[in-house]
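Each structure below appears as structure tokens.
One chain, subunit A, appears in both complexes that follow, with subunit B as partner in the first and subunit C in the second.
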Partner chain A sequence: MSAAFRLLRREMAIAWGRGGGLLVTGGFFAGATLLLPLASGPEPERLAQIAPGAAWTVLALSALLGLERLFERDFEDGALDLMAHAGLPLEFTCALKCLGHWLATGAPLAFLAPVAAIALGASPALAPLLFACALAGGLAFAFTGGIGAALSLGARRGGLLTAVIVLPLFVPPVIFGGGALDAFTSGLPWRAGFALLCAYAAAAVALGPLAMAAACRNALS
Partner chain B sequence: MTQALAFLYNPHRFMAFSAWAAPLFGALALALAAAGLWLGFAAPEDYQQGDTVRIMFIHVPAAWLGLFVYVCLGGASFLSLVFRQALADAAARAAAPIGAVFTALALATGSLWGKPMWGAWWVWDARLTSVLVLFLFYLAYMALRAAIDDEAKGARAAAILALVGLVNVPIVHWSVEWWNTLHQGRTVFAAGGSRAATVFLVPLLLMSLSYMSAFGALWLVRIRGEVWRRRAAAAEARLAR
Partner chain C sequence: MSLSLQIEDLSLSRGGRRLFQGLSLDLGPGQACALTGANGSGKTSLLRAVAGLVAPDSGRIGFGGADPAAARASGLHLLGHLDGLKPSRTAGEELDFWAGWQGGAPIALGAAVDRLDLRRLLDLEVRRLSAGQRRRLALARLLAAPRPLWLLDEPLSPLDAHWRGEVLEIMAAHLSTGGLVLAAVHDPLPVAALSLEIRP
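Entry: the complex of A and B
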């Protein structure tokens, strides 16, 4: 257990420390949110309409940022090889890597997302639901994103390839979360969309590590 | 089924089988397409859609085949990943571009159909979106395969991706029921029998069978090409030694 805990701390330290961590993802999130009113005009009514969806989209895009570093660096310096031969099953190691990545970057973004949506003109009543959606969605993004990151190990232009692989996998959580937020803003029942989002996140957490470990073993073989 | 697969695993038997099966499927596809198109153009105009209803005969089978080819791709990837069958990997590699073309055809003809019917080239309905996602999965599969230089590693990574993407296929299929918005629901396989009239149903089924045979022919030809390519690469490697 202590090995698992240490691995989690190491992953979080890497995600926080090296390469800026939260500063980079948070900065990207703020910058992309800023571009939206600049591009579509500052009329408050129009902005308020698209605010929850915009914050949700930018959140999904921000989740792509750190994925490249999730396995690539450990693959290159040989640490991944050691992890594959260590006592922990590789599936568990991959799950811990994604969990650490989510704790260090995805979870803090969940605090930023409601702020961005309110700044764009969304109703403050939306904030708790957006926060919860961002937490669950971030988990789904981290674990499906990990699949893409592991699959593109050893590929040319791995970072770009990761995005191409991962974006189609982001479609269901984006639809479910967006549906829940949209239903909430128009006063309709929103629980179904939120429950489906949580179900997708749970499935990603359960099944994603199997695919990641298989992809890592393939890259290391 | 498993016996038929076991028979075809042997590349020599596969080459002997496909040498006559591929042209046979091709001829069958042409004959069925001729009959299907003839009946399709002979069918009366739809009382609501007019002549544009005939787009259905090329649109609906293309959408079905886009899904069907993905299931074939997933099945072949499973066989190559679990049982390390070289021919199954060749089949997966050969299926991807064909499926991508069928999906693109479904999207393009659907767009041409949507303009007169819904008044828009594209609507962000759940089913259209999920077919687009299916297309993106094909692209991602081919991109991943092309980006990894080591062929064996690339094949296995792509197979894992194909199995992950297989999760998407049920979502595409049931999305009509989940987020039923603008696209019409199930018609042909609706509960309690088909809701389409027979004069439209017969050409539609003929065209579907034609597409299916065309896929069979193209797939076999492409697998044959892949087998020849690998033989050539092996011969080249022997010569270089």
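Entry: the complex of A and C
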């Protein structure tokens, strides 16, 4: 078994262990989505109108959960020291950790997002696009979120700092994904927004690990 | 894999404070060096500098002509204050992961488990282990994935008298096969032929 696969498997086991990862993230997602009718009123037409955007925004916020621990635990217990001087480049290690985070929490949320949107009254026809947006957007959130997590290593209240760093990086995918969903709902061309979202996710996957590794090295030194 | 360690005229600062300067050391196969010095004198930082985690202000760290990045990636073990173990995972899962991560073979892993008497602990979560048991688990990594240079930070501190003796025997065996040990210690290290006191 390759070192990369071992790390990916370990990351997922830690994220899923003791009901961490998905239960917390999924619970937050479901809870926040359920709050929406309480705040905006139960009229079906109104809810159906805002359902896709609401599900998409809550998904972005849910992605923030768990980011703080992406590198912090390894930093605190010395595992990051061992990973930093391994044969695998630290950039690749960071990418694997983000991929593991996405597989453990982001990808399952992609299944929850259409369900939540439909529960709020969105058209079932929107489900495939929302699922695809959540998958691509989840990758973007995980890999840009990793930058914030790495930059806040060793800081007090790192979770808050991570959110402050990461939220501006979440703006483009939220706009692109939200735009695609809105266009689809209105019967307008939606492919451009979705393509931009995928491009942003690809850029985050390609460039994010470079920034994460540099931030980790800085924290370790 | 044969390796040697050369530290030449090394100076290191941390947090704006100069820890040491002009430090030199030449360690060949089969040699051990005990790093001594007061708390905060820079013993741990020196080990981290050799591992490539901390950049020195000046000086050179060499590995007998080998490419430093390659030597660090596959030629050394760092055993720091922190053991890199996840409390929620079992001892067996953690040992298996780190042995594989560092390129160890299953047969060496089994031998390491037996040598450090860890077999009955493998199914326990790391959080259930005592400090000494965790230390033995961390030390098992050194045997599970053999590498010539061991950088050890207080390797004996949480161990009882029996296991201190056992670990010293393990170090001696490692040295006898051409390995190197650079260990930060407070008490003299019986297997170390060399001693280097770090002072500002």
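In the analysis below, the second predicted complex is superposed on the first by the 218 of 221 C-alpha atoms of A that agree within 3 Å, B and C clash if a C-alpha of one lies under 4 Å from a C-alpha of the other, contacts with A are read in each partner's own complex, and residues count from 1 in each chain.
Throughout what follows, a contact is a pair of C-beta atoms (placed from the backbone, for glycine too) under 8 Å apart; a residue touches a chain by one contact, two chains touch by 3 or more.
Since this is a predicted model, take the numbers as computed values, not measurements.
Judged by the touch definition given at the top, the superposed model places A:211 against subunit B, while subunit C stays out of reach.
With both structures placed on the common chain, the touch criterion links A:151 to subunit B but leaves subunit C unconnected.
Of the two partner chains placed by the overlay, only subunit C lies in contact with A:86; subunit B stays clear of it. In the superposition on chain A, no contact is made by A:65 with either subunit B or subunit C.
By the document's definition of touching, of the two partners only subunit B reaches A:219; subunit C does not.
Once chain A of one complex is fitted onto chain A of the other, the partner contacts of A:168 are limited to subunit B, with no touch recorded for subunit C. Of the two partner chains placed by superposition, A:120 touches none, neither subunit B nor subunit C. In the superposed model, A:3 makes contact with subunit C only, not with subunit B.
In the superposition on chain A, the residues of subunit A touched by subunit B in one structure and by subunit C in the other are 221.
Note for the complex: subunit B touches subunit A at residues 126, 129-130, 133, 136-137, 139-140, 143-144, 147-150, 153-154, 156-157, 160-161, 163-165, 168, 171, 179.
Remark: subunit A residues 1, 3, 6-7, 10, 13-14, 17-18, 73-74, 76-79, 81-87, 220-221 touch subunit C in the complex.
Residues 48, 51-55, 72-74, 76, 78, 80-86, 88-89, 93, 97-98, 100-103 of subunit C are the ones touching subunit A in the complex.
Residues of subunit A touching subunit B in their complex: 147, 151-152, 154-158, 161, 164-165, 167-169, 171-172, 175, 179, 211, 214-215, 218-219, 221.
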